[in-house]
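Letters are used for the chains, namely A, B, C and D, taken in the order the chains are written, and counting of residues starts over at 1 for each.
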């Protein structure tokens, strides 16, 4: 079964910059590794792209202590951006991506504006097609989310990255804000080609048991992901759709075909799948197949008429 | 063996003591190694649940796991019936190394006995001298198959003597972290290798999420390793214990 | 079984203003009606208080269209502050509360600062013991949440209410912010005696089905409540605990005894139960009984040693 | 009768056509009225699910409800077995008014027949003339108990004639909103009273959350009423239809 119908072109109408994806299904950053870790479970040719684990200038070991906390229909993580660093990525991971012909978004994070600029330059030098700028990671003490929650800094940051990078520039937004529209607008005006949203919600997981006259507790403060954040993600995506014209890669709790339709209605042009990969490691290819089948069966060319149909409030 | 997602069938499920169930699962899986584990979908929970492979029958492709009741995930699994489907990733993780001419001590504390039973069986096949000692809190909790069961006390109580008497020159163990830590320290003192099977809360169980990290010291450098992919078996001496 | 152990005194240490509650379990605003609607299901003597449905100056009919949307482990509502108005409340509802000896927090909402001032004055005149100021309702077009998301306006608002009201002043915070600590601080400095949190998260519910060659859709944008928001609520309560000294009434997804302990660890002094009332209408009294039993069985005088034990980040 | 939370027992559950189940539930409930409903806990869903009371046997305190499969909540309920527990709030809402000397037409469209069956039974007891007409899409969907079943078409097709022929001077109905609306308009035209049983998504089902509001015009004033507490039965002429 060919997946031609799923071919997706994300286009910044203003600059005509585009990103072509085989399918609109992308493995979300932090849940898909660096390159081909999932190849036992999925058909690498049938999904759109990987968003790499967030890459920083230096290698990072991430947080100490418990990193994962399960909640109802979701997950709190505090990985703390453990990653190999940009140098090792370019040397060890990039060749595999190229060799296996895997499309990818390079997800980057920094603690200073200079970090982001440097990463953008390296991406440019290495001819990396698409950059996903993570300004929304709640799990590091410095930087990252700081830039992501203030429209002015976000505008500046986007502009500076844009100056140094010619490829398809995606900025990933945080839902931990009172005004996502202002953030989206800042990103668009700063010159980004696309917005991805949402990153994790801030959450605190506490497990407490009274055993043998003592309270035993376990706590993990970090980012909340999974089905439980879907209503928030739909809200945020819909707000962004109302604020900007550039395309949106939507995520947050996607795990089934109907979720894709819901996000299309809210305004999504493509999708990322995060937490669901842990439960169903084949989900990215399965969703692509299911979507394709649905389109063929019901004679859909695309979903343009549905896109962002909800813009009531 | 590449790890894959299997839909197996419960061939049998048996309560083997007051809170442990033995599941035989048949599927298409061709092979797996001693020390590896599987990661089982529990529809009532967000995350899959990891379980050590306790036995594997290659002829009829049947895996055995032992499940000790802890919370909702294991409760769900214990409620499965013969012929029910079970969705799991397997085989996962690294495996035990074998050394033909050594006398191996196998130590299973509590449900940690599960991978040790598989290891013992393989060692027996390979004619490797081995002695499996297990520890349980009460008589009711004993899981059979060891050469010696310690009930009450700790598996570590007389272990130094045992190591000397049996001329042990390698240790393999699985159980609570504190047992593994002490055993590793003892092994270091006695200058014999010690392999331990670790546990961590897991999200992806295939090495991508970095949720199950352990720090190891190798060549004086501290680095992160994933329990799910680089492990669950590590050399005790390399582990940076909390 | 006496519930003496559950007696809870919320105290503003600075002003020594207190609110005495029979138990720390309060029925949350909007889910408990105005007075005795729940009396068939619970023992009115065994729970701490009702927080009334949000009251405005004028009677409000609320939003048109669908108002309730179910999600996994949660609920989106867009009631839109339907209420009888303060006049009818004082005339018709207050006498019942008094006659039945039901303790309550008067939950108020306004579209202007003047609204809030007027409501405060009326509360003062009618000798109402406790006021819960809702600056966090996401379901009205004007006012309310606007005041609740800006520390400066929130400080001003709190100060003006404080000037007109001598009783126990509680301000209820929204989680739809990037900086709950700043909001909490503003409220404390404005003179409030207590903070309650959290109100609902902004969410969008979409149901889409493909039936007979057509996509049928249903959408409700509103406030998300229930178990699915508990990790966010724990995070917010914990942040507030780190920012201010005044007591906290915590809520967000509470439905069982262990939830109470989790919120105590995060920093709660008392609790409100919202969505869970819809599922278990006796839950407020049941939780009080369970907590009491736990304290007796395990010889607890109080939970002071646990309170806010998590202050790591 | 005050409404309360009951833990009942499934006395019997029967599939009565391709997607409707009949549940008999015994509990401590003493009484309930025609037109009232119950609100059932579905552990797999956040909200309770409301169902009209279709019959009530006072002697052995047994309620009957009819459940048509819609989504996960009704699916769960249809999977209940004899003797399973069922948690429900009851009795809820207002009830039908009876008029001794009128000729009543009862109209049940689809699963809307449920409260009509109860109403018919009570009217028969009270010797009130009545005629129950029901409508179903296909033969397979027929639920028995009516005086006349319309299959295919609409219950409204020849209803004006029927009203004249049977000298109907009051109408009671339950079914899809569009049917109730048209019926109300017809009744107004013919100047006879019409009572309709409405449905709304409900959260609390006891009148406090204001989630299930319907607007009524009384004395030229528009006001909110809750379907769960002020309803589910309303006078058709007072309803402000969308």
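Convention: contacts are C-beta pairs under 8 Å (C-beta built on N, C-alpha and C of every residue); 3 or more make two chains touch, one makes a residue touch a chain.
These numbers were taken from a predicted model, which means no experiment stands behind them.
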| item | value |
| --- | --- |
| Graph separation of subunit A and subunit D (steps between touching chains) | 2 |
| Centroid spacing, where centroids are CA-atom means, of subunit B and subunit D in whole angstrom | 58 |
| Computed distance of Cα centres, subunit C from subunit B, in Å | 48 |
| Distance from subunit D to subunit C - Cα centre to Cα centre, in angstrom | 35 |
| Overlap residues in subunit C, where contacts from two or more other chains coincide | 71-74, 227 |
| Overlap residues in subunit B, where contacts from two or more other chains coincide | none |
| Category of the chain touch graph - line, ring, star, complete, other | line |
| Chain pairs that touch, as defined at the top of this document | A-B, A-C, C-D |
| In the complex with subunit C, residue positions of subunit A that touch it | 71-74, 76, 149, 174, 176-179, 201-210, 213, 215, 217, 219, 221, 224, 227-228, 230-232, 234-235, 238, 258, 261-262, 265-266, 294, 298, 306, 309-310, 312-313 |
| Subunit A residues touching subunit B - in the complex, by the definition given at the top | 30-33, 37-38, 40-41, 53, 61-62, 66-75, 77, 79, 82, 226-227, 275, 277-282 |
| Partner subunit A, residues of subunit B touching it in the complex | 2-5, 41, 45-48, 89, 201-213, 215, 222-224 |
